[in-house]
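The next part holds the structures, each set out as structure tokens.
Heads up, the next two complexes both have subunit A, just with different partners, subunit B and then subunit C.
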Partner chain A sequence: MSYMLGQRTPSADTRVIEAGGEVDMGAAPELRDAVGRAIEEGVSLLVIDLSDARFIDSTAIGILVSARARLMEQGGRLELVCTEPNLMRIFQVVGIDRNLSIHPSCDAALQAFAGAR
Partner chain B sequence: MQRFRRSPGRADVRAWAASPLLGGELELKADASELTAARRFAEEAGERFGLEERERYEVTFAVNEAVSNAIEHGRASHEGTIRLRVTDEDRALVFYVEDHGVFKPKAPAVDPFPERGRGLAFMAAMVDEVDVRSGEHGTIVRLCKQRPST
Partner chain C sequence: MRREPGAVRDQVGELVGLIGAHDGYTVGHSEAVVAWSYAVGERVGLSRPELLELELGALLHDLGKVRVPGAILRKPAPLDPGELRLVRMHPVWGAEILEDIPGLEGVAKIVRCHHERWDGSGYPDGLERGEIPVASRIVAVCDAYEAMTSDRPYRAALPPAAAASELCLAAGTQFDPAVVQYFIEVLKEWGWPGGARVVPAAVAIGGRI
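Now for the complex of A and B:
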């Protein structure tokens, strides 16, 4: 298994999903399930923490973009955590950095959200 | 072999001399667990070809997308094998991803938040040329990355 997925709920309406390793097609079903559950539960903030991710593919990026759109429709937000330069460049090259807000740490993502409320 | 008859520049000599893997190939099952091996193959070929880390990552990303698509075709047709080949053609690093599934254009998506369908555009953003040839016997994707001019 080349990927790791974990999740936590720092407050009632906030979910953090940590996706590490190689977030490829093999990781997609679990990532999709975890993201889908958070949206169904109606979280206000979903943080996808890619701090430990070395690779991400178009399927996983698609899951994130789709999740953001669904969340926005129900008044929620999706924030991304990523520092890995290769991943950041992928986001830039495919133009996803314009649609997703990317933070250097999970705390920064949570604070940005708290500040925006 | 013809490509050795060209007179390469100094940097090229080093790349060619260290390129036993260029011309290599890998057989993969139509299973997502094979993607790690496909990425390593692409990464190593890029290294032997003399690409910088940034270009190697781009090539690896594109190969991963092509093999992911092939895995989906393979699943659909229940015919397992995918062939990943690499060659150096002129000043370019070229990968071929072949599967035996039949490519079926999808019906227009009804999903208002589509999750899939970005693979080809992403591949095109990462390499210099993407060609997809699909017929009744399968699909071949050709990915071409030019050697950066130095």
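Now for the complex of A and C:
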């Protein structure tokens, strides 16, 4: 397995999903489940932490695009953590960098959300 | 059996002229689809002969629309079920025309399969995954992107990034996810808008057959 997935719940309405390695078709079913559960549980903030991701493929991007739309519909937010330039460029290409912020660290994402409340 | 290269080139030129006379939008659209398809095909690792076949398949993918009344192609509203049934015949009709031209049997197959879907819910044959020729899978993605980013009688064009994100949403259901990935790589490299359009129009392809 070339990907790693983990998740934690820093506060009742916040979920952090950490996706590392090669976030591709192999990771997609597990990532889709984790994201879907968080949205169904009504989180206000979902952070996808891609700090340790080396690659992201079209299926995983599709999951992020869909998650962003579903969260916006229910008044929540999706935020990304990423510093890898190649991934950042892909996010620009598919426009996922609009309507959400991309942060350099998970702490920065959580603080920005807390500050915006 | 293969014809003389010049004969095939002439035939392809005639077919492109036929498409243009019937529906001007389709020719410009097809040329853009050729440019995208070739770039994706190179990244997929297709051989030179496969790339040439891909180019022709991309150029002629909508050939069968010459049998669809122009009023339906230009209708500024959603199609009714009968009209939709006619439009959905175009891959079969295009392939039928090309199958009669010796040397273009492979191109006919690409054209027939360009509306098949990765999950098997496409048409005309309901093929899925590897059953669909890779060239058809490439044309499907490039065709969809080009259609989404063009103004049509019934809707405005989507911005490139929004169209790219739509492709990602359909990766693994409508589209081969690996092909979408390669397409995104091309977008990343070329930038936009209109990166594809600086590539010479595919009418020049005939000279390389």
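Definition applied: the second predicted complex is superposed on the first by the 115 of 117 C-alpha atoms of A that agree within 3 Å, B and C clash if a C-alpha of one lies under 4 Å from a C-alpha of the other, contacts with A are read in each partner's own complex, and residues count from 1 in each chain.
In this section, contacts are C-beta pairs under 8 Å (C-beta built on N, C-alpha and C of every residue); 3 or more make two chains touch, one makes a residue touch a chain.
This structure is a prediction, so every number in the text was calculated from the model and none was measured.
K.L.:
If you stack the two complexes on chain A, which partner ends up touching A:G62: first (subunit B), second (subunit C), both, or neither?
P.N.:
both
K.L.:
Output check: A:E22 vs subunit B and subunit C. Expected answer is one of first, second, both, neither. What do you get?
P.N.:
First partner only.
K.L.:
A:V93 contacts which: subunit B (first), subunit C (second), both, neither?
P.N.:
both
K.L.:
More residues of subunit A in touch with subunit C or with subunit B?
P.N.:
B
K.L.:
Once the structures are superposed on A, label A:S2 by its partner contacts, choosing first (subunit B), second (subunit C), both or neither.
P.N.:
First partner only, subunit B.
K.L.:
With both complexes superposed on chain A, which partner does A:R70 reach: first (subunit B), second (subunit C), both or neither?
P.N.:
It touches subunit B, and subunit C stays clear.
K.L.:
Look at A:A108 in the shared chain and tell me whether it touches subunit B only, subunit C only, both, or neither; answer first, second, both or neither.
P.N.:
In the superposed model, A:A108 contacts neither subunit B nor subunit C.
K.L.:
Which parts of subunit A are in contact with subunit B and also with subunit C?
P.N.:
25, 57-59, 61-62, 65-66, 89-90, 93-94
K.L.:
Okay, in this complex, where on subunit A does subunit B touch?
P.N.:
My answer: residues 2, 22, 24-26, 32, 55, 57-59, 61-63, 65-66, 69-70, 86, 89-90, 93-94.
K.L.:
Where on subunit C is subunit A touching in the complex?
P.N.:
Where subunit C meets subunit A, its residues are 159, 161-162, 164-165, 167-172, 177, 180-181, 184, 187-188.
K.L.:
Could you please specify the touching residues of subunit B with respect to subunit A in the complex?
P.N.:
32-33, 35-36, 39, 53-54, 57-58, 60-61, 64-65, 68, 71, 111-119, 121-122, 125-126
K.L.:
Which residues of subunit A touch subunit C once you look at their complex with the stated criterion?
P.N.:
Interface residues on subunit A, with respect to subunit C: 25, 28, 57-59, 61-62, 65-66, 89-90, 92-96, 98.
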